[in-house]
Structure formats: structure tokens, C-alpha cells
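Below, subunit A partners subunit B and then partners subunit C, in two separate complexes.
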Partner chain A sequence: MYKVMKGNEVTAYAAMLSSVDVIPAYPITPSTLFPEKISELIANGEMNATFIPTESEHSAISVAIGASASGSRVMTATASQGLAYMHEMLAIASGMRLPIVMAIGNRAISAPLNIWNDQQDSIDERNSGWIQLYAENNQEILDLTIAAFKISENEKVHLPVMICMDAFLLTHTMEAINIPDKKEVTDFIGKNTTNRIILDTEKPATLGSFASPEYYTEFRHQVTVAMEAANSVIFDIFSDFKKRFNRNYDVVEPYRLDDAELIFVSMGAVSGTIKDAVDVLREQGKKAGLLRLVAFRPFPSQQIKKYLSMDVKIAVIDRNVTPGYDGSVLYAELRSILYDSDFKPEIIDFIAGLGGRDMTIDDFIKIYTLAMEMNADSNHIVWEQLKPLGEDVS
Partner chain B sequence: MNDNEYFVSGHKACAGCSVPILVRWVLKIAGPDTFVVNATGCLEVFSTPYPYTSWKVPWIHTAFENSAATATGIDASIKRKGLLNAHIIVFAGDGATSDIGLQALSGMAERGNDVLYIMYDNEAYMNTGIQRSSATPYGAWTTTSEIGTENLIGKKEKKKPITDIMVAHNIPYAATVNIAFFNDFKDKIKKALGIKGTRFINALAGCPTGWKHDPSKTVEVMKLATRTGIFPLYEVVNGQMRITYRQDPRIPVGDYIKVQGRFKHLQNNHAVIDEIQKNVDSWWSKY
Partner chain C sequence: MIFNKGATITSTGNSIANETGSWRSMKPVIDYSKCIRCDICWTYCPDIAIDKVDGTSYSAPYSQLKKKKVPKINYTFCKGCGICVNECVSKAIDMIREEI
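The block that comes next holds the complex of A and B.
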């Protein structure tokens, strides 16, 4: 069945199709439509779940943790300030190995207050022990969310997952979505079997205890091991997904990389625009390509090495800032991964599209030209579209 | 009351700590069909040094300020499984309740989750080394209400009336308890466990380390807290308040103050002691 839906609505549908038990949530632009849609689906009798509109995001994630620790399948959604407010609880969810799924409407972080799209919010949480998958379009939001339950509940993983979708570009944009039958989804994800230790009066367990230096490191290490295991688990689950639903996913998506001289690297919805720019450039005989990261955690290091350790230029589109470091996060991590590869490509960081500043096909064509003109002596950290100080912002 | 033990010894509480006594007896009354949520604080730290635990019921700690929200998640989850009669009990300190966790607690009370929330009130942040909380009484020394030439009083603000605040949420049951008055304590826990919705109990929790008295004197000091009228025992059922213990005549507050090192600086400060006495008398004049 096809249905035209906004990204946020897709998220709510994914929760319904995935038989989520408990949904705590707190409204924040651009994710607000999620709790609204959930409330509506439950009120209509279309969905059987317990919805808890909490008094804050900190409590929303804490309710999620309590419900997940007692065996329920749980989902929530937030963005930006809400995600930052949850920060404390994120590492607690992963440290306690709870398979919670959370939709993130990627939005800029204050100050100044801004409700539009960049990826600072979720990128800031890269050390939280959550798997992070970035969608390019609304179909992916649905598919990745459904897959996320299966990934997070896998016993080699048992980690929470963020499904990241760009504010407005995805959360509020209508697209026709192929919606599978609920039965197909149930067959795919499986029942919530709780193959893990939960709060149970028949088998009392102590969850979240106090660990001395003698034990703490091993707990943290196990989260890292689970994250590494997630790499192959995600691959297997995507293969299974393809068999059942005939849509293909991987942790990275290569686009027209053959004999490319410049490869863009990006995450999220902007990748669609970059693909168009690549097509235009190719028509002009310019050899551009794109490597889109679907998974940011676990970082797809092997695949990045496979596609990028060549004699090419790389233009990283970084939709975040890390003040005090030379370049932003995606650039830094990519460069670090390629440090020990056979061919070291020339990598240029384009810090771009912050706080909802539009990125068009023309912008990427300009970036291509700029990057191709650069040599080893050029400044490789470029603040794209930066206005000179004092210019009227209006 | 259950013959079995659900909170067992071997934990690392200070000698003379009242908190294990409180928890042990609450659980003996509640029985095995109980989920416990514990806020960060003394109890959580001394009872679960990995890989050991004192808890023989399902127990969870997630953070300092969010026990009410964690309990909400358990409530939702077990209801979906059809576990309608299990108890959910929160144990949280005064800091976790009156200060940093007030928002989450208020949220839960408004939602009316089926949770018995017990604040163990040792009147300071003890786990981090005796810093003042909003529940620290007027005149008490703590490491953040230090006594010096510019501060002869200690904490200069009055204790936050947390039980009143919870009553104002229109919850079905709120009470104060003191394990030194055991029958009163037992009756209230039983009663609270038999009621649905959010219930709140303010349990005085003697703490020799923070209150600075001999560990053998905990129960005596706790008795004085109530006999002086400083910590009155009452319950509020659906908004109806009832005093459950009356000492007539009340013992002067000075007798409580002089046995605790945290009030040592007040021993000869009659003006402050009189002020404390006046506050206590004024509260009781209403009841």
C-alpha cells in the first residue's frame, strides 16, 4: 500500500507496524508530529500502545529506560535541545544495554535559537553508545526504523538506535511511501522476546548498580564490542530486509564512484541534492561521485577504506561544528580512518548548511569547482556560504 | 508482614545508618511482588557494589533526578503485561526528591502512576559528603552551609515543605513516617500499599555521619525529632489531614539540637533556638 506522508508521520507508522508497547514523548520542533500522530493512532483504535506524554525529554527517555528494562518494546522521538536535555540518560540506556529506538529530527543547537536543519544535535551524541542511522528520504525512515528494532534487539547488539532525519527536509516533507503489511513487519522483526535480563519478580535482578574501577572499564568495553558486532548484524538484517521487502540498504551508499576524481561524502537528505549535482557534473564530463554514510555509529570504517583509499579528492559536507578543532567531526573521523590506508586522498572539509541554510545543486557544483582548484597549500577547511562580518543578515 | 527478607545485610552503609532499617521493613511489608526504583544516593551506592547486591526483589537505578520517570516506565510496562497487583516502590533521598527530582516527581503525580514514592530524608546530600539540600533544616551545619565569622547560623533557609507540595498535587495518600515509631510506620506503609495512584511518603532518616552523633544513638535522636514536634507524624488521605502521633507536652527543641554535632554552633545561641522553637509551636498551633 502506498501512502503520502510526512517524515514524522512515517516514524509514527513505523512504531505502529513494529508493535511498540510503550511510547513516552515530549514535543519539540521538528519532531512534534510524532507524539501527535501517536496520540491520534491510539485514539482511533489503530494502534495498541501505551502513550505517555511526559513533562520533559529527560523524563521521556527515563520512562523509556524504565519500560525497556522491564521488557517492553519502546520508542520515542526528539530533536536538538530535547536530545541535549536527554544527554545524561543516553549513555545510561546504552550502558544498561536497552534496545530503545528513537527518531531524531536533526536540528541546530542553541544559541542562537534556531529550529532548522543541521546535524549538530545527533553528531554531538556520537559517544553515547547509540547506533546512529541517517535517512535520505521518507521511505528510508520507515525501513530503517523497522530494521532498527531488529538490530537493537539482536542479542549480539542490545544497544539503542537513533534514526536521524533532517528537520523539515524530511520531517515535514510529503513523500509517497510503500507501507508493508503489519504481518510482514511482525514476521521480520519477530516478537519482543526479551532475550535479555529484565526486571522480573520471578527472577529478581539488580540493574544499574555501582561499579568500582575494578569493573567499570569492562562494562564500557562491552558496549564497544557490541557496537563492533552491530556492523555485521546490520549487514545481515539489511540482507534479510531486501529479501522480504525488495529494498536494498547498506551502511554506506556509493553513487557514481567509477573513475571519480572528486567524491562528496555526506549524510542525510542533502545527499539527494548532491546526487543531482553529481549527475549534472557527469553530464558536463566532470568526474564527480558521492559516498553517503547511512551508519555513522558504528562508523563504517572498512567500507570507507574500500571506497575512498584512492588517489581522489574528497569533499566532506559537514553539517556540524567542533570549535577548537581544525575541521568538523565527519572530516576528522574520515581522515583518521584513512590515515593508515595505502592511498591517502586529499580531503577538504566544507562546513555547510548550518541552522537550515539552503544547499542547492549549484552550491555543490561550486564546491566541486573550488575543490578541484585546490592544491596541497590551500586551506582545506572551508566555511561554505559564510557571509562577511557586518553584512545584513536579513 | 512477611517472614522473608528482601533487603539483606552485607551492604556498606555507615554504622548506625537508619536507611537499611527503613528499606528492610518496607519490603517485608510489601513482599516479593515488588519492583524497586532507587535514585542515586547513599542507599543505591551502599547496597549495590557490583557484583554484590542486597536486593532480593527486582531493582533498578538509572540516575539521580529521574526515579519517578523510571518508575512510570515500569508501571506502563507491567500493566501491559497484566501485572496489575505488583507494587512499584521508589526510594529516593531528599536531594533526589525535593531538589533535582522535583520536576519528574511532579510529572508522575500529575499522571497518577501507580507508584509508592518514599523519600528517605537524611536532610542533606550525604552521598557526596554532607552538602545542604532544600530539606536541610534551618540552622544546620553542612559542608555548603559552613560556620564562620560571617555565618554563625549554618543553613539560613527553612526546610522545603515537600509533603505539602505533594499534597497540593491532589494525590490520594501522603504521609510522614519515622521508624522510631514503628507501629505508626508499619500502618502507614500498609495503607499506602493498598491504595492505587501516586502515593508519597516522607520518611525521616537518621544519619549519624551527617548529623554528627554517636552511631548507637540513631533511634534515640529520631525519637526526639518527633517528640519535640520538629518532625510531626501525620497522614493526608484524599486531602484530609490527620495527626497520627501527639506528644503532650512536647519536648523542647533544644534537647534535639544539643545531641547533634550539626547544630553544635547553636548550643549557646538562644535566639536561634528560640526561633526554631517558635516555628515548631506555630506549626502545631494549627493542629
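The block that comes next holds the complex of A and C.
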């Protein structure tokens, strides 16, 4: 069945199809439509779940932690300052190894206050122990969310997952979505509580305990091991997904990489525009390609090495800033991974599309031209479309 | 020690192994001649370090109270937080310095 839906609504539908039991949520632009749609689905009798409107994002994620610890399947959604407000609880969710799925409507971080799209909010949480998958379109939001429950609840993983979707570009954009039958989804995800210790009065246990210096390191290490295991688990789950639903995913997506001279690297919705720019460039005989990261945590190091250890130029599209470092996060991590590869590509960091500034096909064609002219040894950071300081920009 | 996933502990009741009495620098002492056996200290003690024992041999503000159980602090687990002192309605508990 096809339905035309906004990204946030798709997220709510994914929760319904995945038989989520508990949805604690606090509204924040651009994720507000998620709790609204959930309330509607429950009120209409289409969804059988407990919706808990909390008084803050901190409480929403805290309730999610408690509900997951009791064995329920849980989902919530937030963005930007809301995600930042959840910060201390995020590491508790992953440290307690709780399956939770959270939709992030990627939005800029204040100040200045801005409700539009970039990826600073979720990238800032890259050390939180949450798996992060970035969707390019609304169909992916549905598919990745359904897969996320299965990944999160896999006993080798048992980590929470963020499904990251760009503010407005996805959250509020209508797209026709192929919706699978609920039964197919139920069969695909399977049971929640497999080999997981939960809060159960019949079998008492302490969850969220204390660990002294003799033990703490080992538990932090376990999260890292689980994250590594997630790499192959995600691969297997995506393969299973393809067999059942006939849509194909991987932790990275290569696009027209054959004999490419310049490869864009990006995450999220902007990748669709880059694909169009690559097509235009290819028509002009310019050898451009794209490597899109679907997974940012776990970082797809092996796949990046496989596709990018060659004599090419790379234009990283970084939709985040890390002040005080020589380039932004995606650039830094990508470059670090490629440090020990045989062919070191030339990498240029384009800090672009912050706070919802539009990125068009023409912009990427310009980036291609600029990157081809540049020498990364002398300059490797470009602030895209930066207006000069002190000039009248009105 | 087994490193259960997420630091989950399945052998419950293990707080008995953690003798929190060693943390104490000040020690609560009950003056039973003021204690009205209201059990408020017993309710509030965060470490369940107050037991209720037979009261016949303890002094009391008046003799009928001797029939009731009295609070007795278990110093192996009393960490000396002073909450019982603060909560006691009869000001029957004193905090004294620990002697080494």
C-alpha cells in the first residue's frame, strides 16, 4: 500500500507497524508531528500503545529508559536543544544496554536560535553509545526505523538507535511511501526480550547499578564491543530486509564511483541533491561520484577504506562545526580512517548547509569546480557561501 | 564477579556485602528515655541500618512503651548520614564523633 506522508508521520507509522508498546515524548520543532500522529493513531484505535506526554525531553528519555528496562518496545523523537537536554540520559540508555529507537529531526543548535536543518545535534552525540543511521528520503525513514528495532534488540548489540532525518527536508516533506503489511513487519522484527535481563518481580535484578573503578572500564568496553558487533548485525539485518521487502540498504551507499576523480561524501537528505549534481556533471563529462554514509555510528571504516583508498579528490560535505579543530567532524573522522590506507586521497572539507541554508544542484557543481582547482595541502577547509564579516548583508 | 551486560546484577540482596558502616565519621546514638517508638527513624534510614528489637529491657519515657519494639542501630551498616537524627520527632538521637 502506498501513502503520501511527511517524514514525521512516517516515523509514527513505523512505530505502529513495529508494535511499539510505549511512546514517551515531548514536542519540539521539527519533530512535533511525531507525538501528534502517535496520539491520533492511538485515538483512532489503529495503534495499541501507551503514549506518555512528559514535561521535558529529559523526562521523555528517562521514561523510555524505564519502559525499555521493563521489557517494553519503546520509541521517542526529538531534535536539537531537546536532544542536548537528553544528553546525560543518552549514555545511561546505552550503558544499560537498552534497546530504544529515537527519531531525530536534525536541527541546528542555538545560539543563535534557529529551527532549520543541519546535523550538529546528532553529531554532537556521537560518543553517546547510540547507533546513528541517517536517512536520505522518507521511504528510508520507514525502512531504517523498522530495521532499527531489530538491530537494537539483537542480543549482540542491545544498544539504542537514532534514526536521523533532516529537519523539514524530510520531517515536513511529503513523499509517497510503500507501507508493508504489519504482519510482515512483525515477522521480520521478531521478539523483543530475547536474552535480556528486564525488570521483573518474579526474577529480581538490579538494573542501572553502580560500578567502582575496578569494573567501570569493562562496561564501557562492552559498549564499544557491541558497537563493533553492530557492523555485521546491521549488514545481516539489511540483507534479511531486502529478502522480505525488496529494498536494499547498506551502511554506505556508493553512487557513480567508477573512475571518479572527485567523490563527494555526505549524510542525509542533501545526498539526493548531490546525486542529481553528479548526474549533471557526468553528462558534462566530469567524473564526479558520491559516497553516502548511512551509518555514522558504528562508523563504516572498512567500507570507507574500500571505496575511498584511491587517488581521488574528496569533497566532504560537513553539516556541523567543531570549533577549535582543523575541519569538521565528518572530515576529521574520514581522514583519520584513511590515514593508513595505501593511497591517500586529497580531502577538502566543505562546511555547508548550516541552520537550513539551501544547498542546490548548482552549489554542488560549484563545489566540484572549486575542489578540482584547490590544493588540499595549502587549504583544506571551505566555508560554503560564507558572507564577509562586518559587511551589510541585508 | 561476572560482567553482566549493562552492569546488571542478578544476585540480589548483595548490598549485605557492602559494609557501609566503615564510611562513618559521626555516629547516631539513641537516648531510649526520650524515644517514643514512633519508627520514623526506621522508616527514613536510607541504608536499612535500623532494626526493630524487643523493647522490654530498654528505658522509656513512660512504662507502657516498654511493650513496643525499639529501634536499634546496626553499626555495621549505619553510614552516619544523620538523617535519623534530623527526622526524630522527640530529638532522641544524638550525633557523636566516632572514636578510633
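By definition in this document, the second predicted complex is superposed on the first by the 385 of 394 C-alpha atoms of A that agree within 3 Å, B and C clash if a C-alpha of one lies under 4 Å from a C-alpha of the other, contacts with A are read in each partner's own complex, and residues count from 1 in each chain.
Here is the rule we use: contacts are C-beta pairs under 8 Å (C-beta built on N, C-alpha and C of every residue); 3 or more make two chains touch, one makes a residue touch a chain.
Computed from a predicted model, the values in this text were never measured in an experiment.
Participant: Sharing subunit A, do subunit B and subunit C clash or fit in the superposition?
Facilitator: clash
Participant: Figure out whether A:A176 sits in contact with subunit B (first) or subunit C (second), or with both, or with neither.
Facilitator: After superposition on chain A, A:A176 lies in contact with neither partner.
Participant: In the superposed arrangement, does A:R97 touch subunit B (first), subunit C (second), both or neither?
Facilitator: second
Participant: Tell me which partner A:G71 touches in the superposition: subunit B (first), subunit C (second), both or neither.
Facilitator: first
Participant: Of the two partner chains, subunit B (first) and subunit C (second), which one does A:H158 touch, if any: first, second, both, or neither?
Facilitator: second
Participant: Does the superposition put A:E88 against subunit B (first), subunit C (second), both, or neither?
Facilitator: A:E88: touches subunit B, not subunit C.
Participant: Quick check on the superposed pair: does A:S59 touch subunit B, subunit C, both, or neither? Answer first, second, both or neither.
Facilitator: First partner only, subunit B.
Participant: Once the shared chain is lined up, is A:Q222 touching subunit B (first), subunit C (second), both, or neither of them?
Facilitator: second
Participant: Specify the partner with more touching residues on subunit A, choosing between subunit B and subunit C.
Facilitator: B
Participant: In the overlay, answer first, second, both or neither for which of subunit B and subunit C A:T206 touches.
Facilitator: It touches subunit B and subunit C both.
Participant: Which holds for A:D21: it touches subunit B only (first), subunit C only (second), both, or neither?
Facilitator: First partner only, subunit B.
Participant: Considering only the stretches 19-27, 73-81, 145-153 or 163-171 of subunit B, report the one that runs into subunit C.
Facilitator: Clashes occur only in 19-27.
Participant: Identify the overlap between the subunit B-contacting and the subunit C-contacting residues of subunit A.
Facilitator: Shared contact residues on subunit A: 96, 204-211, 215.
Participant: In their complex, what parts of subunit A are in touch with subunit B?
Facilitator: Those in contact with subunit B are residues 21-22, 24, 50, 52, 54-56, 58-60, 62-72, 74, 88-89, 92, 96, 199-201, 204-212, 215.
Participant: Tell me, which parts of subunit A touch subunit C in their complex?
Facilitator: 95-98, 158, 196-197, 203-211, 215, 218-219, 222
Participant: If you look only at subunit C, which of its residues touch subunit A in the complex?
Facilitator: Residue positions touching the partner: 1, 3-10, 12.
Participant: Any idea which subunit B residues touch subunit A in the complex?
Facilitator: 32-35, 37, 44-45, 48-51, 53, 55-63, 65-66, 68-81, 83, 86, 103-104, 106-107, 110-111
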